[in-house]
Each structure stands twice: as C-alpha cells, then as structure tokens.
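Some notes on the structure that comes next.
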Amino acid sequence: MFNFLKGLFKENPIFVLALGLCPTLAVSTQVVNAIGMGAGVIFVLIGSNIMVSLLKNFIPDEVHIPAYIVIIASFVTIVDMLMQAFVPALSASLGVFVKLIVVNCIILGRAEAYASKNSVKDSIVDALGMGIGFTIGLLVISLVREVLGSGTITLFPMGNFDGVIEIPGLVDAPVRIFSLSPGALLAMGFLMAGFNWLKSKKKED
Amino acid sequence: MSKFKTFPKGGVHPPDNISGTGNRPIRNASLPTHAVIPMSQHIGAPAECIVNVGDTIEEEQLIGKSTGYVSVPVHSSIPGKVVEIKEIYLPHGKKSQAVVIELGGEFKRMGKPQKQSDWTGLSEKEIIERISSMGLAGQGGATFPTHVKLVLPEGKKCDYLLVNAAECEPYLTSDQNMILEKAEEILEGLKILKKLLSPREIIFAIESNKPEAAGVMAAAVEKSDLDVRIDILKTKYPQGAEKNIIKSCTGKEVPSGKLPLDIGMVVLNVETVYSVYEALVFEKPLVERVVTVSGGAVKAPETFRVKIGTTYRQLLEECEGLIEEPAKVISGGPMMGFGVFDLDTPVTKGTSGILFLTKKEVKAAKQTSCISCGRCIQACPMGLNPSDINKHSLNFLFEEAQDMGLLDCVECGSCAYVCPAHIPLVQSFRMGKNQLRAIMMQKKGAK
Amino acid sequence: MSYIGIIITYVFISNMILSQFLGLCPFIGVSKDSDSAVGMGFAVTFVMSMASLVTWIIYHGILVPLNLEFLQTIAFILVIASLVQLVEMAVQKFSPALYKALGIYLPLITTNCAVMGIALINVREEYNILESFTAGFAGGIGFLLAIFLMSAIRVKLDKENVPRFLKGTPIAFVSGGLMALAFMAFDRALLANLIG
Amino acid sequence: MLDLILRTLYGFISVAFLGSALGFGLAIAAKKLRVEKDKTVEALMGHLPGLNCGSCGYAGCEPYAEALSSGSDSDITKCKPGGAACLEGIGQVLEREVDTSGPRMVAQVHCRGGEGTAETRYRYKGLKDCNAASILFGGDKSCQYGCLGLGSCMQVCPADAIDYDEQGLVWVDKNKCIGCEKCIAVCPTGVIKMIPEDADVIVACNSKDKGKDTKANCSVGCIGCQICAKKFPDAGYKITDNLSIVGYNDRGPGRADAAEKCPTGSIIVLDEK
Amino acid sequence: MNNKLMQMTLRLAIICAVASLVLGVVNIVTEPVIVERKRAEKEVALKELSDGDHVGELQLPANSDELHGKLSAALAAHGVIAPGEDFNEKELITSIYPVDRNGEVFKYILQLDGSGYGGTMVILAVFLKDGTFVKAKLMENNETPGLGKKAEEAAYYNMFLNTGSDAAPLPVSKRALSPADGEAVSGSTITFNGISRALALGSDYVKLLGGKN
Amino acid sequence: MIDTKKLTVSSSPQIHSADSTAKIMWTVVLSLVPAGIWGVYIFGMSALVVILVSIIAAVAAEALLGLINKEVTVNDGSAFLTGLLVGYNMPPQVPLFIPVVASLFAIVVVKWSFGGLGANWMNPALAGRVFVFFSWTGPMTKWLLPITGGADAVTGPTPLGSLKSAYFATSLNVSGPIEYLQSEGLPVTYKDLFIGNIPGSIGEVSALLLLLGALVLVARKILTWHVPVAYIGSFAFLIWMFGGVRMGTGLFSGDVLFHILSGGLMLGALYMATDMATTPLTAKGNIIFGIGCGFLSFLIRIFGSLPEAVSLSIIVMNIFVPVIDRYTKIKRFGYGEVKEKSGE
C-alpha cells in the first residue's frame, strides 16, 4: 500500500521527480489527451514492469538497457497501433508523443530501479502507483491549461453530451497562451511551486 | 575635455565641502589632560608596550617598541604618568592596547628653541634608521610604515617620487593648509628623500580645487634648487588613491597584487614628507599631526595641529561644540573613513580628519535591491564589477569573488557612493576579504 | 525545404525544447551551470546527428522495403540506445578527458526525447538522408542554444532572492516559459518570407 | 492477409537479427572497452547522505568517498550529517571497527539577548549579515559574545533548521539540525555550540565578561554568580570564565531546579519534543 | 567466455524476436482497421462537400509547360502572383476529385495546400466548372490560435462565395473585400492571404480543366 | 552632548550621492507623462482609463506581494512605472481586463517570481504585453483613429499594420510606405508620424514627446546613449539596406524615417530596451544588446508575420543578457588584458 501511495504524492513523478516531462507538457492542452496519455503510460508501465520483473534472471546484465528498451518499445508500439485503430481522434491529437512514451524516463526508470529487483506483484503495485501519479499530474496540468487556455474541459463524448464543457466567460476570450508552449512551461513551474508549498505545509502538520 | 591630468576610468564627484576649513591657518589644539596612545597605529604588527602603570614618562619618550620589520615604534606625545593600560577600539573596528598618560612634568621641546641637526652627512642607511626609529607611518590614512616604503628592492631603481597632495576626500583640508604654511619644509623633506632614493623625477600632485596651495608650492619650488614637477590633477575622487594617482601622473598601471615599488614608484603623503623633515632635521618623533575637524554639525570647523592621543571629545570642544545633533561621527574622510560611536577615541597617526555629519549630509536612504544599473561599474577606478562581486560575496561564494577581483578592491567607496539602491558594497567587500583570508588560512592549515 | 531552412527551423522556429518540449528533462536537470550545460549540448548534438543518420538508414534501408513501418519505434530506440552506449564506452576508453566532460551526460541521452523525437520527425517530414542529418544536427544546436542561454540565466538567478517555493526547478520552468514566449517571435511565416 | 503474415515473419527475422547484431556488438564492446569502476567508492556513496554540505572538508560526498577509498584519508567519522547509520555503513565497507555510541550532536544558539534585554552601543546600518556587522566594532550589541541576530547561520544552514522563534531570536530546531556545524563556522561571535540532541538544559549565554559588565550589557546574561553550581553541586554546572557551563555527561539531581534559581534566567529547560 | 557472449547475444535476440512477433500479430489485427478508417474519413469529407453527388478521382496531369504557362498567365492576370513569378502547382494541388451527376462533371473538389501562419494548411475546396467557389473545408492546419483559427469555421469562406468566375474574381487581398469582411479577417492577414491564394489557384486551375473527367 | 547610542555606524563610504532607486523610477515616470497626455488627447478618455487601470493593477499586485513578503516595495516606484508602460503599450480601447492581466503577469510572474525588483531577467512590462498579445490577438490589434478634439471614435489600421499587407500584394507600383498608405486611402505624412497623429498604442504614437522625455533622462544621467543609439542606428541601417526589398524597390531604398517614427520603436528603444535590470551592465554590452534589438526588430518587422516587432525583439534580447554580460567584462585595473575565467 505504501508503495502505491508514494507515487501519488511523495514521489510524484511529475512534480517531485520531474520525470517524463516532454509528453506531460506537449499533450496537456486538453484533458482528454491527458487521460489518453495517462492510460497509455499506465498500460506500458504495467506491461513492462511485469515483463522486466519476470525476465530479470533471463536478461544478461551487459545488455539490460537495450533489453528493457525493446520490451518497453513493444508495449508502446502496441498502444500506438491500438490507438490508431480504435481511437483515431486521440491518436491524432497525441501525435508523435505516443511513440515517445518509449523515452519517458519514468518507465525505464521504474524498470531499472524497481522491477528488475522486485517480484511481479510488487512491480505491478509500483507501476500502478507511478502510473496513476503520472496521470494525476498530467490531469492537473491539462486542466489548468485547458480551462485557462481554451475555456473548455474536453472529455469523451457520451450520448447527447459532445464531451466539451464550456466555462462561461472564459470560453469567449481564453488566455490563449496557456494552450501554447510558453503557457505549458509557466503552468508547470507554478504548479511545481504550489506542490512544494503543499509539501512543506504537510511537513509542518 | 579637462586640461587636468586624471586616471581614465571610474571615479565620482562628491561635493568637496572644503571652503569651511581650507586656506586657513592651522591652529594648535590645547594639550590633552589624558592622552590615550594606542600601540597599533599602523598597518603591521602592533608595537610592544614597554611601560607600566605608574611609570613617569617624558615628552617624546619611546613607550612602544617596534616588533618587526613591518612595524613602527610609538612615542609619548606628552610628558606625564602612565595611569592605565587598556584595550580600546580603534576606528577601523579592531581592538588595540593603549597607554593612558596623565599630563604632568616638563616639556622637552615644546616652547623651547629648536635645535637643528645636519642630515646631509648621514648615510642612506642611517636616514632609514632614523625614519624608522621616529615612528613614521603614512599619514594619508593607510598608515603603512614609512621606512618600508623607502627601501627599494634589490636591483630596482626609483623612477618617480610622487608626493600625494591630492587630498581627494571631501571636507579634509589638512594637507592643503599644511602646504600653505610649510611649503619650504616639505621641499627640505623632499631633498632628504631625493638623497635616499635618487629618483629620476619628483612629482608633486595636487587636485585642481586647491589652486592656492598649488601656487604656494610652485613659488617655493621656483625659489629652491630642487627640481619638482607640479601636476595639477582633475578634481575627482579617488584621485589620491595610490594606484590611481600613479596612473594620473605617469600613465603607468601598478599590476594587480603588486606594490608601487615593484614598478619603481614611491608615493608619499605630503604630511609624511613633512614628518620626514622633522624627524631628520629636529630628530622629532611622530607625536603630533594635523587634523581637520569639520562637518555640518560642528559650530566652528577648523584645522588643528593635535597631539596624538587627544580624544575626539576634546577636539569637538575646541570647535565650540555642536550646532546640530550629528547622525554620524567619522574618523577620516567621508569616503573611506570609519564611523565611530565612542567620542573618547583618540587621534592616531592616521587620523586625517574628524567629521560630525548631519543627517542631511549623510543622505542615507532605504536599501533596495540591485537594479543592475551598472553605475558602480562606471564608478570603480579599478575596473571591477562591484555589483556582481557583492552578489557572490553575499552568497558565500568568496573564492569566485576573488576570481572577479575582490582583492583588487581598494575600498575607495565610489561604487557604494553612487549606488542608487544604497547597497553597502564596501562593507560586503570588507566582509568578503575577511572571509577569504579565513578560508586561505584554513586551506593552509589543511595542507 | 533548403538546408538553411531546415537549420533555421530546428534552431529557432521549432526549437526542440522551447516549442516542441523534446528533451526537457536534461534541459531542466543539467542547466544549473554553464560548463555542464554546454557539455550536454554538444553531447546531444553529436548523438542527434548520428542517430538521424543511422535511423534513416534503418528506416529506408530495412523497414520501408519490407513494409515494416510498424516496427519503427522498436527499431529506432534499439539503435539509439546501442549507439549511445557504444559512444559512451568508446569515449570512456579512448578519451578519458572527454569522458569526464561529457560522459556523465551520455547515459541521460538514451532517454532524451529529443533524439528519438528528431528520428520520428525525420520520417514524418520525409527528409532524405542529408536533410535528416542536417535536421538532427540543427536540432542539437537548437538544444545547445536553449540550454546554454538557460544556464546563464540560472547562474544569475542563483544569486538572487528567489521565493522559497519557486527555487530550483520551478523557477527554471518559469524562465523556460518566458524564453518560449520570446521565441514566439520566430514563426514559420518569418522563415517563409525570408527564404521563400 | 497473407502479406500481413509475411510481413510479421520478415519483422521477426529482421528485428531478431538487428537485436542479436547489436547485442553482440555491445557485448563485445563492453568486453573490449571495459573500464573498471571503483566499487568501493560506489558502495561508500550509498552510505553517505549525498547532501554535499562540505562539513567533512571536501567539496562534496563523492570526493570524501574517493579519499576514503584511496586511503588518503583514514578518518571515517568526518561525515556529521550522516550520523551513526552512515558511520556504520562506512565501517562495513572499509571493514573497520566503529564506535557508534554517544548521542547525536546538534547546534544551538547560546544567547537569549534581544531587543529590550540586550543593550546596543550604536545604530547599525548596513548589510544583514553577521560577519559584515562584526567588522564594525564587533557588532552593535554592547555584549561582545552574544548573537548578532542577522541570520548568517540561517543562510548557510543546508537543512533549514535555524529560524527566528516567537520572540524574534535565533533558535535551532534540533529535529531538523543535521549537525554539519556550518553555522558554527560562519558565526563571528562563536555563540553557536554543539550540544547533545537529548540535552535537558542549556545555559543560554556566551558572555565571558565579568558579572558586572554582563549585567550592564544584558538582562538575561549569565553573570557567573555560581548559584547553580553551589546550590546544586551534583547537577553538573561549572563556572569557567564567569560563565556557567553545563556538563551533559554528568546529570545529577537538581538540574531543572537550578534553572528556576538562576537570577537572570539564563538557564533554560529544554522541553522534550 | 565465448559461450557467455553467445548466450547473451542469443537472449537479446530472443527478446527482440518475441517482441517483434507480438507486434506483428497486433499489426495483423489493427492495420486493416486503420486503413479502412482513413479511407472512410476522407470519403465522409468528400461526400459532405459533394452534397451527395458521385465523386470520382482524377490523376493530376503531368506538369506540362503548356498548362503551367496558361495557369501562370491566368494567376498573374488576377494578381495572385507577380508576372514571371515561379511556382509549382503540383505542390499546391495534391488531389482532384471531379463531381458528376449522371456522368457529367459539373464541379470539382480540389485538395489544396495553402501556406499559413504556422505552416501548411490543407484545404478541400469545391468549385464549379467556371471556377466559381462553392465551399471549402480546412482539413489540417497549424494556425496559431487567435491569429488564424477562424479559418476552421465554415462561415469564414462566405467572403469568397460566388467569386472566382471570370466575371467576379476571387478576392486575393484585403483591399478587395467589403469593409465588413475586412473587419472579420483583421489580425490574420497571413491566414487570409494563404487561403485566398490557394483558392484562386484552384479556381483558375478548374477553369483550365474544363470539365474533364 | 551627543547620545552616542543614537549615532549611526556603518561601513564607508559615510556619505552618499543624492540618487536613489525611487528617485530614478519616479523621474522616468515623469519623463513619460507628456507622451501619455498626448495619447489621451488624441484617443480620448478611454485611453486614460486604460493607463489608470494598468497602473492600479500593477501597484496593487506589488502591494499585495509586499504584504506576503513583509517587505514594502511599492513606494520605490518600479511597479508604478511597469504599470504605466503596460498601459502605454495597449491600444486605446482595449477591454479593460487585458491591461489588468498584463500588469499582473508583469508584476507577479515576470518580476516577483524571480525575487522582485532587479532579479527579473526579462522586461516585465513587455513580457506582460506579449503575453496578452498572443492571448487576445484580436482586441490587441484593434486601433483607434486619432480624433483630435472630440469626434466619434473610429477604428482603423496602424500605418505599420496596413503596410504588412503590402508585402503580400504581388504587384505594387509605389515608391515607399507613405505612397502605399496613400494609395490605400490612409494618408499619413512624416509630420503626422513625428507628432503622433496616427493610430497606435496609447503611449507610442508621439515620437516627439518621447524624444523630449528621453532627453530629460539623458540630462539627469539616468539614460545613457548606448542602447538607443545602437538600437535605432542598426535598425535604421538595416531598413535602409533591405527595407525596400519587400516593397519591390530593391536594395538601399528603405524608408528609414517612416520605420523609425512608426510603431513602438521610439518607446521601445528609449524606454523599454533601456530598463536597467534587464540590460547588460557595461557600455560594450549595451551596444551589442542594442544592435541585437535593432536586427531583430528589422527582421520581424520586414519579414515576420507580426505587425509589431519591438516588444518581441527586446524580450528575445533579454534572454541573451546574462551571456552578453559574461563576455563583455571591462578591463580591470592592473591587468594587461581582461583575463577570461571559464565558467563563472
């Protein structure tokens, strides 16, 4: 349980470890992208953690990095192909960043630091914790960016609901910068500062 | 374009405020009832006290003996009895042992006919010894032992002997008034030094805002057989700083970390030259000096000839007291002088002035953060970047600050004077230098 | 697009970091002082140029003829990882001085999105082999430029009184954001008008 | 469908080939280009706290580890922040006997003189830095031994353990203190001293002046009146240089009572947090 | 030792092989889906633009000098390009879809590449045989939000409506617009210029095709 | 006679020049006032409201952050100046939330995040302006025609804005910008440009009054000549050389006067690019900085898609300032040459 929770807050991959930042910032223009990306990362993370943990004795030490990377890349490719086939819109808006999950430091990092030394069960818990922590971070950033930058919250269309919640007032004149690259970096900086502040609050309690 | 000579880079123009005390006769201050004579009135090892409480002292008696090469002896300025030996603070903020002498007994020299002795027969070594034993230290403020300055290193020749009468500090008029009264004596002192150093050229450097003194000196040179070049320098602070005055007069730069001697220069304060004259002609040790007492808070500012050991409190009384509560009491000039809080601080060999400044004169304002205006860089006569050195120093990056030239800083205060954010840059540099010294000591210890 | 166009594009207009978010981790992590930033920049430039070249050969030499585009990711990352490791080992063996300067950054490059990113972009933009190499090189130079400027800013900020919670990584992000804001001055239209 | 399967087959072959070629190449390269890394340094680094605080006298943890590993430094107790665990770890790696008994030492400010209690000599205007202030006659406080209160120690503290307390005086949070002694090195008056983490009382004064002078300078300074030492002879108080010093290895009865009897209140009972 | 080396290589090879095998299998499942989806997408767009009429596909004619010359002359006459300016229509017109009713082509859908603020804008535009603009749809664009995003809305193209024939030339500069339309494009001159030039090219090209199937 | 406890003791120097940060800031504010009054005169009261709202937002933000930091910095005038400059960079009838956001962004993000006055490395007012420009491009590019005396407000393009479309027109038969604008039905003379009888941002239109204000600053030694001269000089040179290319009149035919007097160049070169905190420290560095600004302004104005180049050019050059500072050290006294230390 502790292993699971630490990924959420204490070792949050985005705000504390500052890992996997490229996709975080690039795809966080819409909430739906963040969810999609998060799901992809969780899938790859769990898959690769399981495989690495299973094969930890099979993989020779000298070539463990290429071996891990092959495993990760396979899962990434699977995610990529599945997304292209079944959720094309998401695939289009995530673009090249689905493929770039492969170089997301979190995944290789967890494989190296955790899965290669622990049991399959623990590795799954670790992957879930980290993956969900990553997704939460992504969600927070994308929420800030989409609400401020477009004045909307884009989710999945369901029934009559077209998937887009419009924030009155903001939607007509959103702070467009937040949907562009400078806004992403600025939002990230201030969210991190806020996270630091929260952490110090928690410490004092 | 000014017709006067000057150094090319840096410098500031504070109001000189010399009209109150300048071009007026030097008054003899009354004798102190108690003289407080510190053992450390110079740069280098303090003198060793050789008297005890209860001893009776004659005028000009040796009371502190030199403890090394870079050290000078201390003499009593008045006859009397030693009543106390105590630790006191000197204006630069460090402690020193001091002998307190209660006035009493007979004066050997004061009020008596002066006996002149002939110095021309003395050898160079004897002259140096005399200067050393008479306790001479630079009277411009830095108090570097004079005899050390006058010994040329092996194989070096003295190109220029430079008499520094720039007196660039505002308010101070001691040198100026001294020249008006003692021009011929100063020239005699120069003759002694010429014999000692045989320089290629003697330069007398004075700022353009003291034309009367320059005129008197020129007239004296005209009459004398000594060949002295008189350089009128642009009125700009810190024209009187050693390295800058060399640059102004000769165009030469003293390399970083070197002394003027290394490039064949000897620079002496005009009052020191006079003391050389007294030491050799009258065998008189350095027991009195000229002090400007001035500032907006003082009722009657004046230039005094003062016995060393006289307290600031007494000198203030000589000036008929205050007209306004001062914000700061300063030992020395306002740019490089030290603020003091104790009026019982004595005049020492290096005290060129005592200033009682009003709040209006000080112009203190709230310190704000650095806005990178770059004025300090323009003002620095040493070509440093004070703002950046300060930031390093405040962040405990002293060794980096050293790379940026912290040790080249002469603490002239130009940067802090112009700083619109009122950042005490000089304090930062002094602290940095102290810390750097500690780090170096530690490193030496580790090895 | 001409080679000059490619260079301007990847150095200024589509700067790897400031507009594409590729290679952010080392950009934030290794920009604390200028020496390591420049070291990292050169290491990335070298690896990006080499990787562009090698992945182009793999893609157009093996994957396309065999209709194996779907294996692109796995093949590219394999090649890049091996390349980085080989370079690291070679440098360590043959030039210890260079290894001391660059070596510690080389392992970081394996997971540098910028290297993988440029390989994928080369495919997307259908560059030929020389164009790919140019793009890789220019991308690296863009990275070098951004990280060098960033490090100079961070060295300055080290001595300023940055609010406590913003110290370190957060303020680096804010600085990066302001840099990106300024780099919006360089857009495609500017390039188009300049070189047609 | 057939071409899809055929492609799968091609892929199978080519990637396997690629993988084996690269794997082979890397393996060969790893063998040919092998550079031995110092395992001892790595092991030591695992035990050192990685704060790079410099209290060991080296630029950071790694140089210290290297020095230990190469034998150029044989003192394994130099890492203060690491504490007992680190010492044990280093001892294990280097196969050395270590003594980890004795409490952890933390820094504390031995002065409670502030506005209203301690006299000043002049108005200070200048940098908010103790070393800078001490250039000017040792600071504005009449007492030469006290805390100047400008917070240089706070600035150097790597653990954020020093701050102003409710009374506006500098105080060390012993729970945060890592014992690196950086504050002690930076303090110009020497008012910060190391005490055991479990210290029960502290004489919060550093004045070695005579009682009369101390009294004139500060109302909460230790005047060396000897009450604590005389009334509670077993409590471990000893007067040296007009200042009461607490012995922490010698905790006899009456330690807390002495605090109550202290006429100036300079003995403070530290609550057990 | 060699044995260990071989083993290591083999193991990595096995991992790679298994991975690629798995990927191959996934690919077998997904690829047909992807291909089908892409085709359907374009079909929907074409259908929408053709209002239900039959859409064919036309091979782009080889870049003949004659055609190019005629096009250049027409474009220069309309002020789209400067006389003598060089351009390559094959790079700008990527697909031609004739729309016919009962076998007779009466309008064309052209896929055009316009150059905009943030790069290429892909436009599907419908023209009558005489070059009159009917409607258009922006397929892909990288326009900066706020500067050129308006071009995504169908209403944006109203200002070109019923222009393009010889009688009513397509507006290629803001000067040619009515004040109201001019107001609408304020701030996005580049997007406007890119789109209007692409449309003008399409219009002139369609005239040259003259109802070919 | 003297209460020695009340004597101030501080390190040398014991006296100080009469200048202070606050004095500098307020002097700059005063020197900018005439240009603002002119802007209000020709664009009407809405311009005044925009300026006031900008200032109030900036000052309020500074005061609030001062409360949090327990350090009052409002009265040093820097926040007021930032707010004023933000207001000057706004179109006269912009919706009021825009200057508020610009001011807040300037003070909170660009200045306070880095540690307040002097610690910021980018010009706050300009960063604020660029931030809102890209966020709300539409309202930020809507201009008022000068009304000079109470007629109804009419919108119209700025001279630079309409010139931009000339670059995309394929065949122009005009000799330069002035003639082009006349053919477009927007007659503008050099005199209009100089006095400020043109549409534009509130504070930028009157080159004359900005120049006069700057002269006051030069006389007060707050402004040095390096940045403005290097900036305008290099810009003018490049415009003269290449400015005509896109008008189809060839090399060495650019209309220098038109480009210098139009847009925000004067305001930028005299007041924004000379902001002390975000420009290099040395004279040499300032000249490099100015040339960089001039080059970028020319590049973006003639070849870029954005009508206004000045603010972006300056903030791009702000990024380079720490690097420029590192490589433009002055010669130290007593050294043969400047000794470069690597790294620090």
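By letter and in written order, the chains are A, B, C, D, E and F; residue numbering begins at 1 in each of them.
Here, a contact is a pair of C-beta atoms (placed from the backbone, for glycine too) under 8 Å apart; a residue touches a chain by one contact, two chains touch by 3 or more.
This is a predicted model, so every value here is computed, not measured.
Colleague: Report which interface contains more C-beta contacts, comparing B-D against C-E.
Modeller: By the number of C-beta pairs in contact, the winner is B-D.
Colleague: Where centres are the averaged C-alpha coordinates, which chain has the largest centre distance to chain E?
Modeller: B
Colleague: Rounded to a whole Å, what is the gap between the Cα centroids of chain E and chain F?
Modeller: Their C-alpha centroids are separated by 42 Å.
Colleague: Approximately how many whole Å separate the CA-defined centres of chain C and chain F?
Modeller: Computed from C-alpha means, the inter-chain centre distance equals 33 Å.
Colleague: Which residues belonging to chain A are in contact with no fewer than two other chains?
Modeller: In chain A, the residues touching two or more other chains are 60, 62-63, 66, 70, 73-74, 77, 81, 176-177, 180, 182, 186, 189-190.
Colleague: Name the residues of chain E that each touch 2 or more other chains.
Modeller: 8, 11-12, 15-16, 19-20, 23, 27, 31, 117, 144, 146, 190, in rising order.
Colleague: By the touch rule stated above, which residues of chain F touch at least two different other chains?
Modeller: Residues 4-11, 109, 113, 115-116, 118-119, 131, 134-137, 305, 344 of chain F touch two or more partner chains.
Colleague: Would you mind writing out the residues of chain A in touch with chain D in their complex?
Modeller: It comes out as residues 60, 62-63, 66, 70.
Colleague: Mind pulling up the chain F residues that touch chain B in the complex?
Modeller: 1-24, 73, 76, 78, 115-119, 276-282, 329-336, 341, 344
Colleague: Please give the residue numbers of chain F that touch chain C in the complex, ascending.
Modeller: My answer: residues 69, 109-110, 112-116, 118-119, 121-122, 127, 130-131, 134, 167, 246, 296, 299-300, 303-306, 309, 312-313, 315-316, 318-320, 322-323, 326, 342-344.
Colleague: Provide the residue numbers of chain A that touch chain F in the complex, in ascending order.
Modeller: So the residues of chain A touching chain F come out as 173-177, 180, 182, 186, 189-190.
Colleague: Under the definition above, what is the set of chain C residues touching chain E in their complex?
Modeller: Contacts found on chain C: 70-71, 74, 78, 187-189, 192.
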